[in-house]
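In what comes next, chain A is part of two complexes: it sits with chain B in the first one and with chain C in the second one.
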Partner chain A sequence: MNRTDPSDLFSRLVLRSLSHPLPAVAQYTLATVAIVLVGAFRALLVPDSLPWLLFIPVILGVSLVTGRRAGLLAAAVATAAGVATIGDPGNPTWLTAPQGTGAVLFFLVMIAFVSLTASLRQTMSKARALNVELVQRERYLADREAFLSSVLAASTDCIKVLELDGTLSFMSEGGMLVMDISDFNAVRGCPWPDFMKDKDVPLAQEALAEARQGRSFHFEAQANTFIGTPKHWSVSVSPIRGPDGQVARILSVSRDQTAMVEAREQQRLLNNELGHRLKNVLSLVQSIAYQTLRDAGSLEEASAAFSSRLASLGRATDILTATAWQTAELHAVLESGLAAASALKERISVEGPRLILEAQAALALTLAVHELTTNAIKYGSLSVDAGTLAIRWAATDDGRFTFLWKEQGGPPVQPPTRQGFGSRMIERSLRAYFQGMTELVYDPAGIEFRIDAPLPAVARSGRV
Partner chain B sequence: MVYRALKNRRILVVEDEYMLAQELSYCLDDAGAIVVGPVPTVEHALKLLRDQVPVDGAILDVNLGGVLVFPLADTLARRQVPFVFTTGYDPAGLPERFLHIPTCEKPFTTTTIMTAVAQAMHA
Partner chain C sequence: MGQAVPARAILIVEDEPFVRFDLMDFFEDRGFRVFGAGDAEEAIALLEADDTIRIVFTDIQMPGAMDGLMLAHHIRERWPPTLLIVASGRVTPRDVTLPARAAFVGKPFDPREVLQEIERRSV
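So, the complex of A and B:
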């Protein structure tokens, strides 16, 4: 129930007449009928006394419920009724002089009463309109407050109101959540800059000084939550002005950007690491270039060998790129090393378990397999139609990695007269990267190459 | 090209990238030096020193398969053996005590590294 609702019957009746006004004809009819009924009542029950008195409450009631015009009609009808009932048919003037004076006075007093009552009715009408407006405004304010509260509560930002001295006087629900604060009273009145990490306190103080001067300020800072979890924040501080336009308080909105800052740092580290690996690969390319030139008989030969080695290296990097230069799977490494013999696949058999290699071992093995393949196509088993190539490897239970490259059915093998880049690459570089034994055998029946190395030195996480 | 400062000096090569180690060995050989190693890890290098293998100078890769070479560098510095660093990282990131050590950023030319080693030996 609204606090301004009237409780008595009389007020309710008047308010109802104000909210549901009668048509003019009905008002006049009501006024006339009411007076006629009261006049008849008086004539029947108390014909000898109270000629005017009973009309007074009826006229007042009519003016209150219907207004001035119907009230004046009621007063006129009542005066006429009174005059009609108290007159003497034998008297040529109908009324005696005192009776006439009484009638005139009654009519005048009633006019005054009707005017006063109509004013009262008007005042009540205004009060009613004000009341309606008041109720509407209260409802609007309540709605608005609920809306603003829900907006503040819905935000995951930490929204705070600070006094001019920088002490906390309000924090949003969402803000208490991200700051791990369960009871605001624990921090009410605390100096806000003290929440920042030491190095960022001056920034917070500068922000407060700017806000007191009426300017907004933005900065990034580190601050622990109430229970000590370190976080990165993006903070906007701005002045809240009072009705007089002066800065009255300060608004601070902090957004938790820890995840973003950490991702940025991760990205930076990754970029540095990739840069480092790129430089290492460039050094490797440079070494291959020097050594290819050193061994080559002619510039054409050097150029062809270098291009094909670079192409093989390029294929190996494709495999490594998939794991951000961390590891490569042995089957994929062999496939890229054997690329030069891709048209001879039916004569090559490859068998072995899945193994994950370290990046350096993978690059070295790709280059070695490339050298072996090139040699096999030029001089070895893949240079004639009947020749075959078998590649086998195993990860044994005692933690060793064994690898065998075996050519068969090719022309008789002649040991080389001098050791060039290819055989050095195959034997010695793999020995270095795999930290084990390597052996290149020039068996007349076909070239054999073996690796026997500890598994942990080869594989990132043993067998996969 | 023969470098007088390197002539018959014993230079330790610590580099985990085999191809590069091989290339450094060739160049040192060409320059008239005697190559000790090359070895791919700090452990291998420290074992050589423990075994009393004489070393007059050294080329050290800063990052050996994720392991930093600094314990070996400290040992060499204590023995007053001159050395140079090679690295694929920013040389400004070296520990302060090594900031005066000549550093060749990868990739480098053979002339750059040989000159750096020769100057370190001469100094």
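So, the complex of A and C:
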């Protein structure tokens, strides 16, 4: 803006008259009044000398500030005023011959001066207009550059400009940030493909070759940041054309997709793990099926028992899903194992501390409790109104886990004639799962089932 | 059954007790003498104690210092004539190097297939 603000008063006055032109009438009035005042001043103070001289700066001033027409008017009025004040009333021609020649010469010279000055004024006007345009253009370019810079800086992509040979010539601020580069000069001129992991270098070279041919290219690659942090990138390479339409440089935009790639990998691992667990559960189901059919009295009985066992397994799965198949809490395990007796809750008392079980033990205990519950409802204490069931467990200070299932008030218990699924499952499987002692007692007063196992094998994170 | 010939002995190495006992039942029902182990250490102890065990079925994924694959290699080296069957629900034979003459089954499997494999390899 300084360029349009000249320091001297004279130029400022001229520029002001250019930006705020007076109406024509005012211009003419100004010219006339100024000349008349100067004429009167001269006639009063120095009547005998300088008839023309004082008019010259006024005419020049008027033509500079108002232009050619008012300038010519001022010249004419000044000539008239001069003629009027220097004449002699006794002379029939008013002026002497030299005076008349002087007046004519003055007028002619003034016309020339006015023309010259008006041209000068026009030139200043053009210069001013050019200046304004230049300043506007500069401001537009500065704004545009600031805008583009802010857009580039705002992007978290790594935006780079490469020379045709693939060397780096520009990198966006955001790009330097994600690439851990603090000073671009450290990488200026480096071959861009060298940043890629060895296996991806050919891809980057192919991208450059395509861009040089005027085509865009996209690829995914691994590259370390400047300080060696490995990252995954999604890279788009495209040609930048010069004014002649030829590929002048190459644009490369890389997006850090490390988090996405890692999430994808995590998901793949989870899927594999899920597949593995699914197969394990299927193996378990297969075993339950074989064991169920092995000692079934009839197809109908086997079908009913199998369905009920699968439902119990499903409930155990619910508890385990909540902890990603790691652990289950004993109260929750019992609740799912006792689901068949949910209508008889007031006759069942459950007491014990919060205890975390490993997934395998939790599944086995759910199935065992399910077998005991089904048996109690069919033949045991829960088969009659007066019968009760007490479940107690403790984690003792010497590191043992004791569990007791005790039925009371049911019909007299008779030992089974042969071992069925339930008792086999309870006795040998639970023993193995808990790596301790299990005991199923057919006390005539009511069935009793005990576990006595070392705590570490049972509780993963101990008592709470 | 099979009184004329002494019953064949099979060792089932599987860390999931329920599946282990089920497989043991299956082979017991078909006239085998069965042994079960929950990990490699237990399996080796059983093999050392009873030299009539000539068939070993082992799961690959098992807790402990030695997994089922290492156990299978160990058995092949120490008791070369043993009939080995290796199972896994996680890996395929392409992912691992099985001992020579070991059969692989993917979990879950039909125990009858394992039995057929044993019969085929016993001839």
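Here is the rule we use: the second predicted complex is superposed on the first by the 428 of 464 C-alpha atoms of A that agree within 3 Å, B and C clash if a C-alpha of one lies under 4 Å from a C-alpha of the other, contacts with A are read in each partner's own complex, and residues count from 1 in each chain.
By our rule, a contact is a pair of C-beta atoms (placed from the backbone, for glycine too) under 8 Å apart; a residue touches a chain by one contact, two chains touch by 3 or more.
A quick note: this is a predicted structure, and the numbers were derived from the prediction, not measured.
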Joint occupancy of chain A by chain B and chain C, clash or fit: clash
Touched partner set for A:384, first chain B, second chain C, both or neither: neither
Which of chain B and chain C A:290 touches, first, second, both or neither: both
Which of chain B and chain C A:433 touches, first, second, both or neither: both
Touched partner set for A:280, first chain B, second chain C, both or neither: both
Chain C-contacting residues of chain A that also contact chain B: 272, 275-276, 279-280, 282-284, 286-288, 290-291, 294, 360, 364, 424-425, 428-429, 432-433
Residue ranges of chain A touching chain B (in the complex, touch as defined): 272, 275-280, 282-288, 290-291, 294, 360, 364, 424-425, 428-429, 432-433
Of all residues in chain C, those that touch chain A in their complex: 16-23, 25-26, 29, 38, 61, 89-90, 106-108, 111
Touch list for chain B against partner chain A, complex: 16-23, 26, 40, 63, 65, 88-89, 105-108, 110
Residue ranges of chain A in contact with chain C within the complex: 272, 275-276, 279-280, 282-284, 286-288, 290-291, 294, 360, 364, 367, 424-425, 428-429, 432-433
